[in-house]
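One chain, chain A, links the two complexes that follow: it is found with chain B in the first and with chain C in the second.
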Partner chain A sequence: MSYVTIDQVTKSYDNQVVLENISLTLKKGEFATLLGQSGCGKSTLLRSIAGLEGVNVGSILIDGKDITNLSPRQREVGMVFQSYALFPNMNVFDNIAYGLKMKKVKNIKSRVNKMIELVDLIGKEESYPHQLSGGQQQRVALARALVMEPKVLLLDEPLSALDAKIRKSLQKELKRIQKELDITTIFVTHDQEEAMTMSDRIFVMNKGKVVQSGAPSEIYTTPANTFVAKFIGNYNVYSMEVFHKLVRSSELKGDEVAIRPEVLQLVSPGEDCPDLQENWGIKGVIKDVTMTGNVLRYEVEADDSYFHVDYLHHRGLMFEQGSRVQIIVPKKECIVL
Partner chain B sequence: MRKIKKQKIYLLALLLPFIIFVIGFEIGPLVAMIKNSFYADDGITVTINQYITIFKSKFYLSGIKNSLIISLVSAVISVTVAVIAAYSFTKFSSKIQNRLLMIANMTSNFEGIPLSFSYIILLGNNGLFTLLFAQLGWDLFADFNLYSWTGLILVYVYFQIPLAVMLIYPSYQGIKKQWKEASSLLGGSKASFWFRIGIPVLLPSIVGTFTILFANAMGAYATAYALVGSNYNLMSLQIASLVASDVTLKPQLGSALGVLLASTMILAMWFNERMMRRIRRDLR
Partner chain C sequence: MKSSLTFHKVVVGILVLYLLIPLIGTFLFSIAGKWDHTILPENYTMKWYIELFQDERFYDAFKRTLFLIVMSVGLSVVIMLPTIFIISVYFSKWERLLQAAAMLPYGIPPIVGAVGLIKLYSGGPIPIAGTPWILIGAYFITILPFMYQGIRNSLHTVNAVQLVDAAELLGATKFQAFRTVVFPNIISGILVSTLLSVALLFSEFALANLLVGGRFETLQIYLADKLNSSGHLTSAIVITYYSVILLLTGTVLKLTFRKDKGPIMSDKKRILSFFKKIFRQKNTALEGEN
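Up next is the complex of A and B:
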């Protein structure tokens, strides 16, 4: 039974379509991510769910209730903004209590204190936003949304303004809180690694459409098209014609071939290619080696085509720039698009 | 090291004209005014009699009272109108906003004798509109007297509103759209947003503007002089007649009134600041 349903939603500004016939469903307690490049419509979709933007066509349902035409405050959704949007004239306690005061609920103090404890901000109740770090401000924003016990929590790139270390720790924190409260969450990001780490399900968006949805591992290992392959996993993508020339075989049929950089292997040209039944061997030259901490990325040129090959960074370089190598391409890892 | 020192000397040298200006035209006259206020009319005997004279004289006290009332009323009216007007400015396209600001800028500088004459021509006893309305039989302005307290307030408000708009307008740019969105998602209405977030955020600017308008009105001389001459008892008119009159020159008494005028302004500033900090605790 779906808890959130987006049914054929379309939205356009000045004759430009921003969301095109989007349909998706979420289960209760699911952590879903809308992933895509800037301008793909992911934030607009999130804002449409929040009621901050209207839609031209389609409907949005939460817990069986059609909220398409309701005002933001009637929707029972919580939202955390990229810029935190904390009220600068209120301290941490008052920021979190704001929504409860608006709803005139009882025991505001205990509910706010519980939230402060949940987001680990005890002792900061009296601090004002400008006295807090970016990470702390984002925790307040999260607590302010969660204290209302919303049916759906919407997160609009909430971590993108933070530095890498705090970002990683807040990712874990966010996931922990989400699991603890079992709250249905829709997260918007352009960072595929963040999407992979946090989500139960990812919706990849491009030009106002959802181009693929599925569990992170499913999206990563079986991209549905070239866009997803390139955006999600830095895949090596070749037209079938070029690929046939490279492997000197026309075994695969289709338009394009995508291969993940970490499934490729490099061996010296003198070494035998392991199991020709299972693999292809392509001769090439190392053009560049880059190191991203734990990963070594080789750029290998072969017949005017380039391959990215990723290796875990063991001690020392395996191949120097300019070395002649053989790229081993496992047949079963080639994804035909 | 030597290079830095040399650079500092050059920079200080560049600042010199400004320092001379401030000392010569601001600090100097202020010190002279304070000093003068403690001398008797002969300019030799040191005394506090000038202050005693002021506080004992009903005439001077009513002048102070009139100035305070007219400044407070015109500042309150102008700030209230400007808060709403500046907000409505923000709702237009940036092109229209620029035009509106240009008009505000122009009208805020339109004060003094030209402004008073414009009003006299339009709304004076034989003013264009006064006569026109009389001809048309409209008694809209029948009881209106430009050369009265109401007339004075009207003219003050005329040049205070655009100034207030110019001063408050930029702070509306500081109100983030996302605060409104967050507030509405948390169940807040538009009114509760403005009451709890918008106005408190604008408050420093409103208070600052109020202080400037108050001081502006307290010190306004030319407009009042051209409009009501000596018919109306205002602090600025009294000071002028004491220091530059053809009949009775009492610069020491004028200085004492001047010190009191400056003190009210400082007091108003201090009071506003205190009130604001009470509401905006985050600014402490």
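Up next is the complex of A and C:
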């Protein structure tokens, strides 16, 4: 039973199509992520759901109700903006209480205080936005949206303005709050790692279209096309023609081959290639080695093609730049696209 | 390093002196009794000020100028604020057009404008030439560029569009959003351009003289008239008028720079306390007179 339904939504500005025939559904309580490069239409889709932009074609349903033509204030949708958009003339308490005051509900005070506790801002009630750190402002923005108990929470890159460390801890906190309130959430990011760690489901977008959707592990291990393969996993992608030449075999059929960098192995050219039944061996030269903390990435050239090979950084450097190696490619890890 | 600093100080000092000497001269002349063959006046008197402040015409002229300013600046705020807000939030395509329109008055010299206005409004459906109303209209146009820039910049600085989005999602109507989250954040910016406009209009002579002249005697026209009778009196007028402008610009500066310092107050409180302060100053000034 789907809780949020977006049905064939299309939107264009002037002559430029920004959202093209987008359809997706979410279950209640699901944490979904829209993932895609800058300018692919993530914010536009989010703003369309919130009612801040109209759509040209298609409909949007929440909890069985068609909200396509409702104004933002009637949609019962909460949103956190990338730049937070806190009200500078109000303190933390008044910022969070704003929506409740507009709705003229009772016991505003206790509801706001409960929210302040939930987002861990006790003691900051009287502070004004400009007196808060980025992370604190972000939590005020979150509390301000959550206190309205929206049916759907929309988050437009809420963590992108924060540095890596705070970002990690806020990711956890956001996830905790989302689970605690069991609130259906649509999260926007262009950081694939963030999408992987947080989401129940990922919708990968490219040029205004949803190109693949599924659980994080599903998207990571079985990319549906070249774009997803490159964007999600830093896959090595080759045209079939080139790949046939590299492995001197035309066993695989299709247009392209994608191989994850961590399934490849490197051995010295003298060593025997393990089990030629299961693997291919490709001769190459180490062109570059980069270290990103716990991962060593070798860039290997073979016949004018490049391979990225990732190793966990526990054995230290195995091959120097310029040394000759053999790349071991497990046949069953090659994904044909 | 140090010598260059003293050099700068000297330059600034000379500049300040250069700018202040006419003012000091005028001030001295306005309180001078006999002053013909000495460097400084031989004796001092307040009689020019007393004469000025006892002249009904001065008060009337002051009142008229005030009336014109309040009307035209008030009209400008009431009309331009919603216009600029609506255009920049909902019809951003039209923003350039509005900007061009708002900048036009810069290109028209007052004399040319005045002649055109008199021609246009001396007959036809709205015969208001020679009345204060035509002057209010002309003043509205004169301050348009300042008001436009001031309001637009304030709206952009607080990112009004996004604030309205956020407020609407939290259940506010567009009007509520404007009143509760946009207006309180731009009020100080608007106040600055308002005060600048007031200062500008206070010293406006060309349009006033051409459009209404003696039929509606403003402060500047009164001043021009007195210029022929007594130099001492005109000096007193200039000094009085200068003090008012000084007070206004001082306020503008204070409002512009207050952001970085001082305890945090909400804008409402800040403006309230600002008016209280002005009021107190006025009171003490009045007490001084009595």
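Methods note: the second predicted complex is superposed on the first by the 336 of 337 C-alpha atoms of A that agree within 3 Å, B and C clash if a C-alpha of one lies under 4 Å from a C-alpha of the other, contacts with A are read in each partner's own complex, and residues count from 1 in each chain.
Convention: contacts are C-beta pairs under 8 Å (C-beta built on N, C-alpha and C of every residue); 3 or more make two chains touch, one makes a residue touch a chain.
Predicted model, so just to flag it, every value in this text is computed and none were measured.
On the shared subunit chain A, the superposed partners chain B and chain C overlap sterically. Of the two partner chains, neither chain B nor chain C is touched by A:Gly233. Contacts of A:Tyr128 after superposition: both chain B and chain C are touched. Residue contacts after overlaying the shared chain place A:Pro216 against neither chain B nor chain C. Contacts of A:Pro261 after superposition: neither chain B nor chain C is touched. Of the two partner chains placed by the overlay, neither chain B nor chain C lies in contact with A:Gly281.
Comparing the two interfaces of chain A, the one with chain B and the one with chain C have residues 50-52, 71-73, 75, 77-79, 81, 83, 85, 87-90, 98-99, 102-103, 128, 144-145, 148 in common.
Contact residues of chain C toward chain A in the complex are 158-159, 162-163, 165-173, 176, 180-181, 184-185, 264, 266-267. Residues of chain B touching chain A in their complex: 176, 178-179, 181-189, 192, 196-197, 200-201, 280-282.
Within the complex formed with chain B, the residues of chain A that make contact are 50-52, 71-73, 75, 77-79, 81, 83, 85, 87-91, 98-99, 102-103, 128-130, 144-145, 148.
Those residues of chain A that touch chain C in the complex are listed here as 50-52, 71-73, 75, 77-79, 81, 83, 85, 87-90, 98-99, 102-103, 128, 131, 144-145, 148.
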